[in-house]
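Across the two complexes that follow, chain A remains constant while its partner is chain B and subsequently chain C.
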Partner chain A sequence: MKGVMSNKFVITLYVLPALILILLLIYIPIVLTGYYGLMDWNGIGKMKFIGLENYIELVQDKKFWQSTWHSLLLGIFSTVSLVGYLVLSLILASKIKGANFLRKIYLIPMLLSSVAIGQLWAKIFDPTNGMINRLLVMLGVDNPPLWLADSNIVLYALFIPIVWQYAGFYIIIFYAALKNVPEELIEAAKIDGANPIQIAYKIKIPLISGVIKVMVILAIVGSLKYFDLIFVLTGGGPNGASEVMASYMYREAFSKYNFGYGSAIGFGLLVICLIMTWLIQKLLTSKEDVQF
Partner chain B sequence: MVKKKTVSVLMSLIMLVSLALVGCSSSSSTEESSADDKKVIKFMHLWPEGSSNAQFSIVKDIIEEYEKEHTDIKVETEILNPDQYREKLKVLASSNELPDIGMTWSDGFIKPYVEGDMLAPLDDIVDANLKDAFIPGVKESYAVDGKTYGLPLELNISYVFYNKEIFEKFNLDVPQTFEEYKNVVKTLADNGVVPATVGAKDGWPASFWFMYLADRIGGSTILTDVIHGKAKMDDPAIVKAAEEVQNLVDMGGFVKGSSALSNDDAKGYFMNEQAAMFLTATWELPNYTTSPDVSQEFKDKIGYFKFPTYEGGKGTDINSYVGGPGVGLFVAKDSKVQKEAKDFSAYLVKKWGEKSVTDAGVIPATKVDTDNLDLAPMYIEILKDLSEASNVTTYFDTQSSPAVSELHHDLVTALFGKQVTPEDFVKQHADELAQEQE
Partner chain C sequence: MSKIAYETETNATLLAPYKSSKTLGTRIGYGILYFILGVIAIVQVYPLVWLFLFSLKTNQEVFGMSPFAFPQDPQWGNYVKAWTAGHIDVYFFNSVIYTVVAVLITVILASFVTFAITRMYWKLSGLVLGLFMAGYMIPLHSTLIPLFNIFKSVNLIDNPISIILSYVAFNLPITIMILTGFYRTIPREIEEAAVMDGCSVHRIFFQITLPMTVPVLSTTVIINMIYNWNEFVFVNTFLSSDKWKTITVGVNNFVGQYLTDWGAIGATLMISIIPVLIAYFLLSDRIVEGIAAGSVKG
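Then we have the complex of A and B:
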């Protein structure tokens, strides 16, 4: 068996299917996207090579940078919300009653499709008939905010369902990681007289720092390319107030038939995601990894 | 041991052979069906059984009839909902795999497909089978450089639908002029009723207001002229139209937060009788007449009126409408069964015209003889209006290119949300249009 596995030919044979799939479905499209970015193309007719024109336009495009800023804001917001998830998971993992039930409740939004969530929240945010504003009016607020119609708050209003949507995902992963922390360590700490907060802060969190790091990267990169709920709820409006990079790309490519420029935005999005991932890793790996 | 191995080898050989045979038999069977001399026409449409049942059934019946009459033809359908359909059509076009017959929208939508040399001109079958069948001006929306590339199926016209009960409650009459309309708005708003509902998030429903005002103030050709470069978007009449939209917004003339409401959200206000008026197009007619899902009580309350004229405006004729063809049929240029596909599409258009009003409540693009049809009064009236129409201006966003259309939607949303001034609204349009005409 060992002889077979060290045979170069066999290794190639085993690796090849996955490699071909990844190349075909991921890397080649990336290269193609970059290439289409060099074109003036409406998606249907003939392509015209225009060199770096799209990319030069992209760098000077205020709307693109505005949408980048919105995406980054979402990234920051998601990262901050990780703290909340972590606290929740710590509570859930400390063997409280009904932890199993609560965990399932948190997971349910994950199981709904984004479009369903979007429809649900569109009803909740409705300026006259929505749940929130009905409640506010009942409480005596005369002019409740218009939520998605107000360009100053639309973005923050959108963050709520987005954060809510992914709560279950992060909580499940934190919870699983916390369950892996060896019981002996916690018991030893208890014997030494540590209170639950100290146990969480000094033992549990350092031990799952690897997972936390991955979650931060997932949250930020996920936010940068986030699309679903924004597209369903506002489509980037009003007046671009909730436009993020992915919705801007969609709009250029599929609504305006500007595939060349859309591809350039997609490529820009990729570059920004790569830079951010690299930055986060730089920032987070400076600390020593804790082993157990 | 050796024996065992041979057995297993034999077994696997048998399996392989049998698999291969299965493959043979299945492939030969498909060959047989085409050897049966049936030509297959691939037809993609956008009326799924679930969401557009009436249309779906009509098309299905027509196909069955056609196949009975033409035993050598088989029509295979692929059905997607409209949004998915749009996406898929584009993907198919970019890989040159359009179905033999498909659906298209007019003007700005069809142009890139024609320029990409993907559609077959249909003038021959129009001349042969459909001469004078269409309402004047509709077929032309599918023409590029004088050749027709689409056979229109639907025609939509926009009207203001209103709730008679609410109007009676506040002693209101149907407004004939914009000044009267403003008084209606004022009375309703003062009494805490939402005067008109509009889904400005989607852009296009809100654009109906802008387009009608431009038509009434600047004359019925002004928006078409803008697209063809014969008039300027920053014409004072158009600025005025945008200003009047914002005046209505300021008066509380529209539902609150309209720039976050989709057309369906906005429609809800009208259907729940929370709003008195809804400017929409004739595709909503079934909801006010025949649809079994809406209560008769509600239907009886709904009336419609033509968009009021504007004092001192150039568009003095109340019988000038804003509207547009809906979907039409195209035939792919590379189709191997082009002749048959053309024949079938002409057949479909004809039959559709006969059945669509009665069975689906759709106003077809072909002329309808109402005498022998049992129709709801609102249909009869509207079909009569159509025969008297002095002009139907095709929706601005349908006439313009995809880029201008998208920008227009964004800007209209912003206009209703008061995030742009009327001057900026027309300027941004003008810039994009100028860039295009370069």
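Then we have the complex of A and C:
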């Protein structure tokens, strides 16, 4: 048995093509990003080694920390909204008629490209002809907000399409996890006289805590990587008010041709993502994980 | 994670007998609950209805009349304009090609890897699996500049091969993750019997194992298709000629050029999302299952 199934040649043949691809296109590039960060380079000409200059600049760069803060803020919003998704999933997963149909409806926006969502919401947010402001004017609001053009509210406005896009995704996951909770446990709790809220809080949520943890990581790390929607909707504006790490990196590299500094930002993004993942895992594993 | 997906949720109907003993209070409670759930459903769908409506309107209608009104004289010409003037036909074709080619390569390579890791015996299998799994944690933007430089140095900038390779590499982790979950659930007895009969590894893989994984393969195909069809950054960064661009990037450029022509913009957006909506309409169960299985990727 083991003889045939441990044929080194076959193993190499099966694994190597995919392995080479991810090494070449994922792992080598992240090392190179850190290396390019040591260079003064416009992307076309020769690289000039300048040591840690870019990284020292990065640490002192107000714009970078501002974009990091915006990314983190989106991560915090996303994490808070998880509570809402969890409540909705608890409702859907508790013998509601049409739950299957509803969660399919909720998922629809998730299937669209962020570009299509961005362009659609650019129209929805349009200050004069957009759906929201036309509705507000109809309801008698005199000076409806400018939404994406107002630097004070742009980040909050951006969060509306983000919720719209991802709500269905989180609901699908929580729903699937809740459906996996053994029915006997819930029945037993019912016989003991527990009400639905107690059952949710004391049985269902602890049992799916592993999934909740993964979703918190996803919500925060996913937010740190946000790009498409913001690039399309605001381009980071007005005046940097909605700049996030990825859009800052993209602008520095591919608009201003500061490839060296852009690489340093890219490396900063990687480090911050990894630190956050580690931190959340550390914070959330103190509680005992329930297996089922 | 993936275990969740393969538990179907048919038991919802089995629990129905409970509601026979409903009081007026619980009925009102249910009424409010359904009202909230219904409002959320409308919020999720109405923007797309609104998009469809304005894709059939003239600018006068968009600017002058209620945004909630139906188009007076549906302007199907907007779709013709979008399809021809915006090169949407070319973009659409490119999207189909890149998506199909990348999905095929991804699924085949991922199946090879998953088979070797879950079915064959070698020391480094755990480490290699870890490398693939960790790939999804890497933010794409941290790789973008080096990727651009690597592709430039081998003359693959403005060449669709760079796009297909990137799609394959970045979708391998999630695909392998979903496949591994499934492979671990299929029994080894058949394969063991085949080994006893003197079957070669290749025959075992192609004729026994691969056919057994068709259900999960279709799930991964759908997930991959959606990601590739919607991908933006790689195409926007690596391709510059109009003849190579995909519909996602093409739509973005088109909208940038026709800022004020709402009808044409709406029609272009509709054309870009219709294939995904049709796929969802036909395969919603598989897609929902696939997303639950692929939950680790955001």
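The rule we apply is simple: the second predicted complex is superposed on the first by the 270 of 292 C-alpha atoms of A that agree within 3 Å, B and C clash if a C-alpha of one lies under 4 Å from a C-alpha of the other, contacts with A are read in each partner's own complex, and residues count from 1 in each chain.
One rule holds for everything that comes next: a contact is a pair of C-beta atoms (placed from the backbone, for glycine too) under 8 Å apart; a residue touches a chain by one contact, two chains touch by 3 or more.
What you are looking at is a predicted structure, and each value in this text was computed from that prediction instead of being measured.
Aligning the shared chain A places chain B and chain C in steric conflict. Applying the stated contact rule after C-alpha superposition, one finds that A:Phe254 touches each of chain B and chain C.
Applying the stated contact rule after C-alpha superposition, one finds that A:Ile191 touches neither chain B nor chain C. When both complexes are overlaid on chain A, the residue A:Ala176 reaches chain C alone and has no touch with chain B. Taking chain A as the reference chain, the count of touched residues is higher for C when chain B and chain C are set side by side.
In the superposition on chain A, A:Phe267 contacts chain C only, with no contact to chain B. Applying the stated contact rule after C-alpha superposition, one finds that A:Leu139 touches neither chain B nor chain C. Touch criterion met: A:Trp147 reaches chain B, while chain C stays clear of it.
In the superposed pair of complexes, A:Gly222 makes contact with chain C only, with no contact to chain B.
In the superposition on chain A, A:Leu21 makes contact with chain C only, while chain B stays out of contact range.
Once both structures are laid onto chain A, the chain B stretch out of 55-63, 91-99 or 217-225 that overlaps chain C is 91-99. Put simply, chain A uses residues 43, 122, 128-129, 254 to touch chain B in one complex and chain C in the other. Here chain A touches chain B in the complex through residues 42-46, 122, 125-129, 146-151, 154, 234-235, 237-241, 251, 254-258, going by the rule given at the top.
If you check the complex, the residues on chain B that touch chain A are 87, 90, 93-94, 112-113, 115-116, 118, 194, 201, 255-262, 265, 268-269, 274, 401-403, 406-407, 410, 413-414, 417, 419-420. Looking at the complex, you find that chain C touches chain A at residues 1, 3-5, 7, 9, 11-12, 15-16, 18-19, 33, 37, 40-41, 43-45, 47-48, 50-51, 54, 62-63, 66-67, 109-110, 112-113, 115-117, 119-122, 128, 131-132, 135, 137-150, 165-166, 168-170, 172-173, 176, 192, 195-196, 199-202, 205, 226, 229-233, 237, 248-249, 251-252, 255, 262, 265-266, 269, 272-273, 276-277, 280, 284, 287-288, 291-292, 295-296, 298.
Taken together, the chain A residues at the contact with chain C in this complex read 1-2, 4-8, 10-11, 13-15, 17-19, 21-22, 24-30, 32-33, 36, 43, 88, 91-92, 95-96, 99-100, 102-116, 118-124, 128-131, 134-135, 138, 164, 166-169, 172-173, 175-177, 179-180, 183, 211, 214-215, 218-219, 221-222, 224-225, 227-228, 231-232, 245-246, 249-250, 253-254, 259, 262-263, 266-267, 269-270, 273-274, 277.
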